[in-house]
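Right, one structure below, let's go through it.
By written order: A, B and C. Residues from 1 in each chain.
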């Protein structure tokens, strides 16, 4: 697409662009170098601060991190598995032809979307006296099923009208047409958005701190707190690295699916990108 | 219920701080995000690369960790703020701009190719094609997802409560400690004030969505 | 396409190494393990009897309160609160490893007790009248007091009145945070943990960090060149109590009896010395039990 926006640059433009790029890269690298140097001067990169990852405490530290990672992945996986079918159901209710089903669903979706996930976790924990895990999963499911429903609705509405008409014409009932004809296409079309929302869901597990669910970020905070102020930086740097690695892996998956989808539907309608996802906290 | 009414001043203060954080970060994020999206489709490889790198990293890092960098690492680099709100705004707008950039990019992709071709065939430059033809059309289609991003931003501002800014959620925690026997009511109050911002935005999104749909 | 494969390989190696390290780790248990009383007998139908028969007890504590209740690297909480909990459990005939520790944060302590999610809460839990409406308190077993932590070079702040209109960091939603704002007119800068509070203090973005003196003393102990207590005097009294279900008077008096017994034998002293005593050498005496 981008190539449509401008002419192929000539030799002169390419030269400018090249030198501009080099200069820009140098400036960015320079700023980074100064930052690293300043931090190093304050002893942030001293070996004794980082030996928690390889010194005598390392087994406990890594054990803690792996436990946290396990808890994060478990909560994310369970939430995603429950939230998706629920999102499908909410989506179908939301586009129902019957007003007294459609309108209340819309109100519920609006409410779920507007509530901070943290608050929902807290409500579930206090009102239903559940375990921390259940509270975290419930909060994530409530919120993400609403988002999944909205994404799928956008997908179904972006389908050509003929799809549904054809379905009805061959004698399918409205519900059958939705399930057999429209939903599968909508899911494929919106896959990148759905997977991007999964990344958001994964990151949102860290909101579980509010109900005392010990996922990765909480473990890292506990660790930094226990080890003392000197280890605040190493702990957080490590946390950032782990999250970025996992999430980029999931995002790559989204991009791969997007590519595969575009090939299959070559020449079709423009595809939604991963942008449909909504950035929630943490 | 009494707990809510007795603490209305605190709620109000927190509400205003949340609104302030969201509004300022939202505007900055819209500007930076649009710039990032423009860089992403520009002819200069370095700009494309930078934009892609920034968006990938910001989108994949938990907001808490971004807050950590803005509120704790930056001061260590000598960039200190008198007001902690500045750090919160840097974190929130940096994080949100990545999502804005992705939304705008998908909007650019949704503008029919013929538009860009027509614009170029009458001799417009890249900046003109983008600024006069593509972005105005793209922005209109991305208004609904953009409002969703802003809704998320409003709720995300609650993380600031853990990083030196006393906003709605921070007050909520404080009141929950104070009224340990009425935690539920305290939370209902917090929820109410969040919904006061997010629900109108959601309704606006649906309204705009319908408008855009009719216009096509 | 070689690079990603190598990267994946090295990641796998790292993960395997981490696993191996984990497996070789022996559970470095911290804290004491008081030996449980053998077959204690209690009045039929009392909470003590039920717990003793069950052989396990759920105790709510904080996992992020240095010296009192803090989760160690091995996943076990350590601190003075935890030691008191273990000592009480031992009197019920429950060994330390049979205690189920539940994290209670400020906002859920009352509801956890009411819902029976925990049998006891020992979590730097200040006794006050609002809370007494919902739960009962045994104790107090310790009386803390609020203090101010300042930069070593700062001599302008010696008493709480000195922070009026200035920025002070404390943990969001904690009682000390409320006091410093409402009684002394400071501007609150909230943080998630006290460790996070130290950063703006170091950078002089806030003038002080405030919470209970024992916790602050822990930070002075770790970095004596950077921080000091503004004064040895505390400006509030925070009697820490043990929260339990409202109306369970028998259980409450029994715990009170145990606390007094701990003060007489060396249990209380030992609990202190192995935890908070590492920073504050003087062993406190048990405050007068509030038998209301």
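Methods note: a residue touches a chain if its C-beta (ideal position, glycine included) is under 8 Å from a C-beta of that chain, and two chains touch if they have at least 3 such contacts.
Because the structure is predicted, anything quoted here is derived from the model rather than measured.
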What topology does the chain contact graph adopt: line, ring, star, complete, or other? complete
By number of C-beta pairs in contact, which chain pair leads? A-B
How big is the gap, in whole Å, between where the Cα atoms of chain A centre and where those of chain C centre? 35
Inter-centroid spacing, chain B versus chain A (mean Cα positions, whole Å): 15
Where in chain A do residues touch two or more of the other chains? 122, 126, 232
Among chain C residues, those touching two or more other chains are 107-108, 111, 192, 196, 199
Which positions in chain B are in touch with at least two other chains? 72, 76, 183
For the complex, give me every residue of chain B touching chain C. 71-72, 75-76, 80-82, 84, 161-166, 170, 172-181, 183
Residues of chain B touching chain A in the complex: 40-47, 50, 56-57, 59-65, 68-69, 72-73, 76-78, 95-96, 98-99, 102-106, 108-110, 113, 116-117, 120, 125-126, 129-130, 134, 142, 145, 148-149, 151-153, 155-156, 158-159, 169, 183-184, 187, 190-191, 194-195, 198-199, 201-203
Parts of chain C lying in touch with chain A, wherever the complex brings them together: 11, 18-19, 21-22, 24-25, 28, 63-64, 66, 70-75, 102-105, 107-108, 111, 115, 117, 192-196, 198-199, 219, 222-223
Along chain A, where are the residues that touch chain B in the complex? 1-2, 4-7, 9, 13, 17, 20-22, 24-25, 28, 35, 38-39, 42, 44, 110-111, 113-119, 122-123, 126-127, 150, 199, 203, 206, 217, 232-233, 236, 239-240, 243-244, 247-248, 251, 270-282
Quick check on the complex: what are the chain C residues that touch chain B? 106-111, 130-131, 133-134, 169, 172-175, 177-178, 188-192, 196, 199-200, 203, 205
